[in-house]
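Presented below is the structure to which this report refers.
Chain naming follows the written order as A, B, C and D, and within any one chain the residues start at number 1.
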Amino acid sequence: MLLDDLPVLPVILPLVAAPVCLLLPNNRLAGSFATLVAWIALVLSAMLLHTVAVVGPVEYALGGWASPLGIIYRVDLAGAIVMTLVALMASVTFPYAIESAREEIVPSQTSAFFAMFLIVFAGLMGVVATGDAFNVFVFLEISSLSTYTLVAMGAKRDRRALTAAFTYLVLGTIGATFFVIGLGLLYQVTGTLNMIDLHDRLAGVDNKVVRAGYAFILTGLGLKLAMFPLHRWLPAAYTYAPSPVTAFLASTSTKVAIYAMLRFLFTVFGFNFGFIDVAFTFFLILGLIGMFYASLIAIFREDVKMILAYSSVAQIGYMLLGISFATVDGVAAALVHVVNHAVMKTTLFLAVGAVFYALGSHRLSAYRGLGKRMPVTTAVFLIGGLSLIGVPLTGGFISKWVLVAAAFNSVLAVPSLVIVLMIVASSLLAVAYIGRIAWTMLLEEPVGRQPKPVPMMMVVPMVLMAALTIYLGIDAATLVSLCRQAAETLLSTGLGFGGTS
Amino acid sequence: MSDEQHPDILPEERSIFETPGWIRFMWFFVPGTGLFFALMNIVLAVLHKTHPHFGWLFDKNPVFYGIVGFVSFSFIVLVGQHLRKIVMRPEDYYDGPEATMPRINTDDEVRMRSISLGETDE
Amino acid sequence: MIPFLPAETNPAIILMVAGVLMVFFGPRGRGIIGVIAVALGFLQMYSLGVGPMGDAQMYGITEVAGYEFIPLRLDKLSVVFATIFHIAALVNVIYGWQGATKVEASMGIVYAGSAIGGALAGDLLTLFVFWEIAAISSVFIIWAGGGHAAFKAGMRYLVIQVMSGLLLLAGIALHLVRGGSSEFGAFKLVGEAGVDPVAALILFAFGIKACFPILHTWLQDSYPKASGVGAVMLSAFTTKLAIYALARGFAGTDILIPIGATMTVFPVFFALIENDLRKVLAYSLNNQLGFMVCAIGIGTPLAINGAAAHAFVHITYKALLFMGMGAVLLRTGTTKATDLGGLHKSMPWTTAFTIVGAMSISAFPLFSGFVAKSMITLAAAEEHMLLAWLVLLFASAGVLEHSGIKIPYFAFFAHDRFAPSLRNGAPRPKEAPLSMLIAMGLAAFLCLLVGFYPPVLYGLLPYETDYHAYTLEHVATQMQLLMFAIFAFMLLVRFKLYPPEVRSVNLDVDWFWRVPGRKALMAAVQMTADVWHAIWAALRDITGQVLSGIGAVHRPGGLLARYWTVGYTALTTAAVLAVALLLAFLS
Amino acid sequence: MGHLILRVTIKLLFAPIILFALYVQFHGDYGPGGGFQAGVTLAAAFILHALGFGLDRCQKVIPPGWLPVGMALGVLIYAGTGIYTMLLGGNFLDYDVIQPDSHHHAGQHIGIIVVELGVGLAVAATMLQIFYAFAAREPEPMDDAW
């Protein structure tokens, strides 16, 4: 029974656990319970990943109703990778949050905090697992709504969290609305919401309604994944949310939106959809601009979390760039970067959270001479930073390498060499903003009060993530081949190249 | 080999290499050795034990190497010093006063660096 | 085979791990770890076995995404370089036993490891990785020299080195995309279709590290600014790794002959007028690299043997000379010729060892330089390259001038500036500490060993050789050249034609970016800032007026700005949607 | 007493609204209706009462502390049904396994009614929670109120 239900279990488990968590007392119990759930979900997702890698995509009919009529869950390799990633991030950030939340959350909200955390988790898993277009919207909103709450909970530390959450709420809702309008238009034309069914019925159909729906979905999802001009909710939300929330969101929510985008581009629309190139041109241009724009802004920020948040926007540019190549290599590169970036960003944000725990500030000035006072945290931060730059032997290098290789192997509007040079140049920008922090940490003299010791519960996840960053840089073959396989599935049997053409 | 800008040191502070005798010895020894090897080369050339690759103007000529050594060296020194007219600048040209700043001792574990001129060790 | 290590462990990794470990120990612990690591790495390398040229022993081959990694490739050419790198690392550890700071000691070993890794790398990406690690680890050694000048020089050094790495990476990427093999083999610079841009790019990257003329100034700029210990570490690895890369990738490329010849000549003049003796050594290093580059350009087996042999002996005697100067720096606080002289009276051992190094570099018979350098000149002669041959002879006289005579003469003899009578009774500087003397002795021993018994070296060389350095002809011609050159020196000094030492810096090519380049950069930055400020001020005025207009209607200050942000972003979203719609409808 | 008419009307309507809510709730598995609408209607009754007679009296009947429990319980009933069907060997929310022998899909009816109950409970509790939050003008003072 367990094996048959694998696609749905990691989704409903946190969903069921959330109300239970809400009923628990406001102490460590809630966090421990959430952690336990996350770990079980991780095991389940890993089993799912294994199954999918061995036997191929799995399907699950909700309520026993078969495919076009009922809601089905469909997990292929790309989905399984992202699900495992999300579950991994949850199982790392939840235990971290137990200690960290005591510092950053109003104590009476602790169990609500973890309940919300679990709902975000469930929502993100649901977006990935489902094979129903409308269900994507539902889960996207489940996760977004609870995210707004989580961001707002940062208000204990900084009141600006409230405005950040409000901005996020408004924009997120606009994005969701656009998305659902797009879905509505597609439904009007095809009369179905099942993704594969949509694909079949959309084949060869080309009218204004479909095109409008396409544009709406593109924009809506673009907002959710913080594509360049639509990214403005992200920096404030990441900056003012509590540290574990930031770590979790930065590593998962935009990634899942990227996944949804991939799903819609390649599964729902597919290559025989006449104007799919619009999206690729869009991504190419906006990705490139985003890479530079956000990195440049990051260089001049004083708040470390803000720097990292802008860097996230820049990194999303890399992923969009990979997708825009519209080749197996490109999509694989995007997926590799999704995983690597999630790991390194979590590493960085966990380290930042530890610094906040110890010193109570995110300002760059608080990082002075941290290398002498908090050597472990500094080391972890630097590993994450090096990976962000793309130094060899870290995961980031692998992403960039795969991306550069994909660029060379693609025929694009812009010459490949120019793109490669731009990738290198924007990496140099990353050197600038990470270098600035590293300089402060290592070479300046410590000032101010002595940092509070960071509890083990926070150090261990942090160090684990740093180790994983390096591991991904050394043993790159597994991940790269997995992602390549996933990209192949997405583009072929995932109906990209295949289907009716 | 002292001259006007460099005040003489006391005679008892001279080492053997600074005595007039040693200097006189060098004046015989260096050209003497040079001539000895030149002669040796001439003998080898006469005996056809050399393996020249180029013509008489070059290494077929047994004293060619001596001439090259002498002329090259003189050329380098006599011509090279005029380069100073073009490229020489005061010591603080690039970095200003920083250039002559003392080295910063970056590691207090190691104190050997900070010894200044003539100070006794420890 | 070393029992507790995996069979295919890279010696480079052993050294790098040791380098990291050193951070946690005191000076003595660091020294012990260093010696053990070098010994382990060396044993490990030889336990892997050495293949002849063209039939290398390869280990650890893995394929990732169609790219073949070969972390270890041992053939004669790579092993001779890796061997001398190990020896240099050992000498460095001993030399810095007491004097090396933590950064220098650990980074020095990491740096040595990266050079070894680079030499043993069988594929291009592995080479690139070590290439970059070498750049990054060595810059810490420069910075450890202390002071603002060292910091700035280190930054300049880092920029140039990283640029070399990026060019290399670009070259590799283009090479791979073109379908080239991932194995690091020979490149063809000039093919039927003219100059190959990819090979040129890679050659340029190598050329930066090998100090090609005009690209050379990072060396003279940065090495003298490191500490006494640091300069010794620096002198061995980066440039010789580049020489190895050239020998592997561009043997027999004609363009290297004029480049190498130029490299042997121009530093001679700069060295003549330079006051800082360690900078003299840096120029001398450049000049010696010229011999090797020239030999690689000639490309015959004898020439490649010569280049490898010269790299081997050069590392020992150049390290020896730098060690001598380092000892002088330690005891007197300076290496400026204007402040030195007469040190042979109180530092006899340092003097003796430095003279051994000086005689080696000048290629006196019975010293190691003679054994190697004569191979290169002979290779040029055998190929009947008259001009190159003449230039090399000329440069040999130059080497004698700056390294053979100038260094020992001005540091240890010349005018005695440390006589107690001149310095109000202050005692003379003491002899160098024991650890330094041991290191110098070791290097001097190697110089003499190779000089007396060349087969030690010849056995290591890439190609089989029946070359004999000690024929009467070689000895006679070389001694003739040297003795007459020394005679010229004596005459020039006697008649006061030898230029006096003057406190100064001498401009080199780096002037272009240190002075006008810097000014241009600063001006550009200033201009951008000014323009930006102007635009910003104008924008602020305009928006201020607009906002105060709206603010009169709505609310003032922060609230307005806040809501405006959200609304504005929503507007952006709408605009993006509009663009997407337009595109979708029009396409 | 301007509120008198209002209050009398509210008193008159209160019970019928709740009754109607229950009707909508239980009609849910046959026709238009269901837990969501029922929950809102139910909450509307209490909100109306609170508007007329003051928040305090309403909170005496339904203390604010119950509401999170109600929400959680509602969701749990819903999800629990799904898990129950899974435990019986069916898919998630596959109600047929509850009464596998029935020809009239009795399992479906039972399942939907239970699920709708959960939804109703959760929605009603949430509606009231929102109302309480807005109506209790003064927010709870936070630790570092500004």
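As a convention for this text, a residue touches a chain if its C-beta (ideal position, glycine included) is under 8 Å from a C-beta of that chain, and two chains touch if they have at least 3 such contacts.
Just so you know, these numbers come straight off a predicted model, no measurement behind them.
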Lowest number of touching-chain links that must be crossed from chain A to chain B | 2
Find the geometric centre of each of chain C and chain D from their Cα atoms only, then give the gap between the two centres in Å, rounded to an integer.
-> 77
Could you please state the distance in Å, as a whole number, between where the Cα atoms of chain A are centred and where those of chain D are centred?
-> 35
Taking each chain's centre as the mean of its CA atoms, how far is chain A from chain C in angstrom?
-> 43
Between chain B and chain D, centroid-to-centroid distance (C-alpha), Å = 100
Specify the contact topology among the chains shown, as one of line, ring, star, complete or other.
-> line
Listing every touching pair of chains gives A-C, A-D, B-C
Can you name the residues of chain C that touch chain B in the complex?
-> 26-27, 98-103, 144-150, 152, 227, 268-270, 272-273, 330-334, 339, 342, 344-345, 381-382, 384, 386, 389-390, 393-394, 397-398, 400-401, 413-416, 418-423, 426-430, 433, 472-473, 475-490, 492-493, 496-500, 502-508, 514-515
In the complex, chain C touches chain A at residues 62-65, 128-129, 132, 166, 170, 173-174, 176-177, 562, 565-566, 569-570, 572-573, 575-577, 580-581, 583-585, 587
Residue ranges of chain A touching chain D (in the complex, touch as defined) = 1, 5, 8, 12, 15-16, 18-20, 22-23, 60-64, 106, 112, 115, 155-156, 159
Interface residues, chain A side, partner chain C - complex = 163, 166-167, 170-171, 174-175, 178, 208, 211-212, 214-216, 218-219, 222-223, 229-230, 232-233, 274-275, 277-278, 281-282, 392-393, 402, 404-405, 408-409, 417, 420, 424, 476-477, 480-481, 484
Over in the complex, which chain D residues touch chain A? Could you list them?
-> 68-69, 71-76, 79-80, 82-83, 86, 89-96, 142-144, 146
